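Here the chain labels run A, B, C, D, E, F, G and H in written order, and each chain numbers its own residues starting at 1.
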């Protein structure tokens, strides 16, 4: 009888303890990152899909279509085509097709490339209504990006010193940044 | 469907009325099975006559894939077998390859492997803890656990670039070194986690409802663990101090002082306590490893770009969050392995469920299943 | 009762509804093939009966009827159905027998009705005694504590014995294979 | 004609109707608005839910509810308790100790039920070592 | 138990590796010596743990796996896993049983070979109930029949699967 | 229409009770299962209580007595249901059936 | 213009009111309580979601309307447009009737709750008993809903719910009988009136009537949680075992109505607790009593229900049955005897 | 197996009785802001789905935290993980059991195309759930970050209502 009463008392006490703990949390600040209004800065090593790296000198892709990455990829997501352009010493890439829907973000390709011609992008929030959107031609992407930049800057791209790590696009209005804790 | 009809109707032939049992299907889409396990339960009212797990709903050909891609290409797959403790799984695979190819791993790399593995173990246990509580109907602990887990993920993402499927270890070391902010962050995390664990104790471990649901429920004997090859917290919850980190020490583990928590109860509570205690021990290991972290490279010097292992078979076992994970590579001296066998802890741990759950009540059996900490792709591979 | 316009009609309508509910429930209870519907029928019938009790100036009994029959008896029967007899096989249609037994049942009840009718006709009913409203429950309580105290204790004893018996029987059944 | 009695009745009845309307109203709206076309792929919309698997065996089976014994105890117990209600209403009156004694005996017998059921192990939920009915 | 190891026809690439590797660079962290199972009749070979990842191995005739399992069970070892290897070139299937000890650093590998065109072997699920699933899985993957196994229905493959994907001649 | 409203006329109640009785008897005879018979039995009980209540109301010597009487009937009915159901369960457990026909076949 | 219009409306109003005061009152109260239930069901869900979020340190619904206030509306609109699936082979009549039969009794029971001394739809003398009677219809309906779904989870869950509800009905009744004994009436308004005055006149604190009064309240509260199938007794939705329990087969609005009924029942349970123990509309300081106090107490109780739900794991269902039979019933029997003894033995001497 | 069709058309077809554009818009808004997902995790991505529901990312903000275990009460099925052939029938059943209108989000590369588990001669994995039923939103990644899942939900809302209420986040 006594032990039963004691058990009830201890049990009741444990319930009170639990409720006290949750109430304590109730009054604490929320830990939520309000995503579309604020977003994380991806860490430098964040692995999004891969993207081609621009040669800061020329503004063109460094890649010369050696296909090492293509071979290293376990999921066969990369198809690189290259051609030797007139007057160029090396081959240069003409299509760099990435089927991101098969990629496992393993990094084999980036490690395989000896020239650092590809790297991981920081696109972490892709979503689309069609899956074709993720079979992308990285080369074209790079080119359009370059053209856009040229248009924006109003200068030939070659003169623009492009940082290897491009500055972030302007955050949308009202958007705050939260650093990785 | 190979339905064994005799269970319901078989006796009719013998002139006896059918039994009062019915078949209850849990899964593949069931909140309690954490993924796509299916448990076919023959029930007698609330009592389980036979609970037969049906696996394979997420069989992903991991072993087949091992046979058709190079060692380096297979590496990312290892983090998708048990995605909750991806580091340790990668560890086993790189360990096996390193063992076979005799690649020496620099000590700094081993230390960082230990740190990240233990962080990963904590995050895995946290997910288990939350999900287990979710099984028992408590939702809030899950979110607390995920909140703490996010801190680990932030740390690991900063060095590996991924939150879950880290592909961080390489044959001969790591793909990149850690920086000071990681070390600082890890120390902060350790300091943060200790009081949190205390809070967990107050919120859950001592809770009377919780204790009533676990204490004495779902006993698994030592003998049963041995017969079924159960490892990890399951066997330690039965009082056997079996831990690969102790019995077959690997990596830098011999250099740390830590305990193998065991509880003799064999019930769900014992398994629960083992995991809670393991988190404490993991914190200890991390702290020690951070203190002793040697300088130096994180990658072995000469790792051949194209790996070919000498013919033969090689094993490597690690203590993953769920128990003993072993890789067996059979090589015929080619670029791609001849056979890769993945011995996963969840498979063995679950295989005892059928026997352990006989005659139990449904909710108790599900608590037992939760306490086994299953990751279904780890069973199905 | 002037608060509601046409209250007479409303109340009468409710009364007819109660009657209909009772009858309908009884019919469902006795005739439906599916046994669980019979229980529903019983429950419906009891709700209707509760209404009738209400009209007999005993709200207390009306509520007790619901509490005991719907809340306890029907629920237990449903349990028993789950345990023992999920469904009755549809009866092979034997109209003859149905009509025969229906006839017999009808005869008996008509006889009874007639008897009661006679009884009520012979007795001279003036306007019904308008004695009980709320006081009934107090009256019951007081009589239970005084005049009928023995019965009060007895009923608990009866129920106790019933439980003893029920448990004993149910459990012996259990041990046998 | 009893004003209070039938007033109550009309209220109860009105609320009953109201409740039914309140609960049924949404369904009417649903019938106007609900989607009708379907994108089904394997015509299993009507199949009972069993975690994505085709159910094995009917659900209307002999389901041996273990709480059956509880239900048995409950019937008698609930009825017993209900007998207390009229007594309780008038209990608080200037009357002798006899009331109390009566109540005590009643509740005492009532308690015996629990004691008996407890002793008989109705409230025990042991794991079944043997497979039942085999 | 027959102490003579039956000669396995066909030369496997394993043969070369089965000799204890003397050239182990590091001394074993935990020495497996003396062989704790030396008193058994099973002719265990010691291998260098640092190279292979296990301590003892033995190749037995297919008919002996149950006896070996019984012996190891008595010694308090636990079943780690069972797997197959398809040596198509040699027309053989290898069945590998891994055991581990619960307290001592001791891992034991038992191998046996069966003909590929008639892959049948006794089940050890009578000794280790945990072998049930491992054998089912091996049956799934290699089509190896475990005689006396309670239930060899597909485990990881769909219920109606008839293929054995880990055979080397498997095409989807 | 009569002066007395419908609900104050005893015949109606008697008729209702008689109807319940008829249905109950019919069910008791026609039902194939013990539980079905039990349900019909409950109907008969209800008929009885309704009669008692009607008499109590319209020929009431003391308003409490009839109600107490009905109360006891209800109590007894509950007890009866408890016992009957446990018997049914016991029968079922022994014979795997609660169908009266099958039961009689089993016995004889 | 406005003046005359409002004047006209007021005049019309008075005309109607003078003509049929009672029916108007009835319609008003019916509408009011329906609105009360509808609003509360919707916004208690919001409170629940927001509260849960706070306990878990997240903001909860924020994006749909200010602070997520339109979230219940969006849910309602969504539910209204969902297809209603009546699975093959179910008992369609019972399947469709069950949600109605769960909702209606809750609404009926609210009719007797006195929100203040004037705000009470109908002051019925046996009000307390009525609530329990209708509650038992509710139980039956839930069971039939589960059974008619012809789904194993639903059936198991229904059996559990019912055995749980009946088990907790007994201690609850015993507690209520104790309270009836103390107050000597089953009229809810009278019960509140008996607690007039400062807060130590509330039944909860009447320790001189029964020293175990707080325990009695606790028992009532626990039973209330169990009767409304709330965590930690939420067998109805023991999702980790039985998918969605008794509601597994209910889609769209069918589920929505069950959901509303659940909240209506919580409301009812908390109201009852307020009336029986916390002095209903009485203010704790003895003056300015009114409906505000009632609502304050009611929502405090509702909040505690939410709080408990997001703190504890679910009980074993047999543990829960045993809690009732082994602890609550004996204790409530004891309190019953204790207060009857106090009434008969102590009070005469105290007076 | 149907080809995925234009959803706006479908929605119109779904409510033939509704002729008022405004009401349609209201309904779409209601649906879009009360997307209850089915509790259904398959593999690694499911953990990220849970993480998205957890405090850090909090799907509740969009009213989408009500994970319903029964398909009858769910509006959107988030296929988070690998679907293999054994699972395909079950997942199709679940899809069917959801009441209209219903949506599917394919989360992770496995659900989109079989992801890393596709190789010539593979025998188990369904190469994209859009082969089983119409998929509305694709979220690539392995696994996608929780933000991507939120983005996917926003995309779905955008698809339903025709406009985006939230800022577009440029990754950095």
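Note that in this section a contact is a pair of C-beta atoms (placed from the backbone, for glycine too) under 8 Å apart; a residue touches a chain by one contact, two chains touch by 3 or more.
Nothing here was measured: the structure is a model prediction, and the numbers come from that model.
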Fewest touch steps from subunit B to subunit H? 1
Name, by label, each chain that touches both members of the pair subunit A and subunit G. B, H
So, in whole Å, the Cα centroid of subunit A is separated from that of subunit D by 56
Mean-CA-position distance for subunit F and subunit D (Å): 21
Dist(centroid_CA(subunit D), centroid_CA(subunit E)) in Å evaluates to 58
Among subunit C residues, those touching two or more other chains are 3-4, 8, 11, 57, 59-60, 64, 67-68, 71-73, 75-76, 79-80, 82-85, 134, 137, 140, 142, 144, 155, 159, 162-163, 166-167, 170
Residues of subunit F engaged with two or more neighbouring chains: 5, 71, 74-75, 78-79, 81-82, 85-86, 89
For subunit G, residues that touch 2 or more chains besides their own: 22, 53, 55-59, 62, 79-85, 129-130, 147, 152-153, 155-156, 159, 163, 166, 169, 186, 239, 243, 248-249, 252, 310-312, 318
Note which residues of subunit G are touching subunit C in the complex, please. 20-23, 91, 94, 125-126, 129-130, 132-137, 139-140, 143-144, 147-148, 155, 159, 162-163, 166, 169, 186
Note which residues of subunit A are touching subunit H in the complex, please. 30-37, 39-42, 48-49, 74-76, 99-106, 121-131, 133-134, 168-175
Subunit B partner contacts - residues on subunit D that touch it in the complex: 50-57, 59, 61-66, 125, 127-134
Please name which positions on subunit H make contact with subunit D in the complex. 1-2, 5, 10-11, 13-18, 27, 70-72, 89-97, 99-102, 132-134
In the complex, go through subunit B and note every residue touching subunit G. 22, 24-25, 30-32, 46, 133-141, 143-144, 147, 203-204, 207, 209-210, 212-213, 361-364, 366
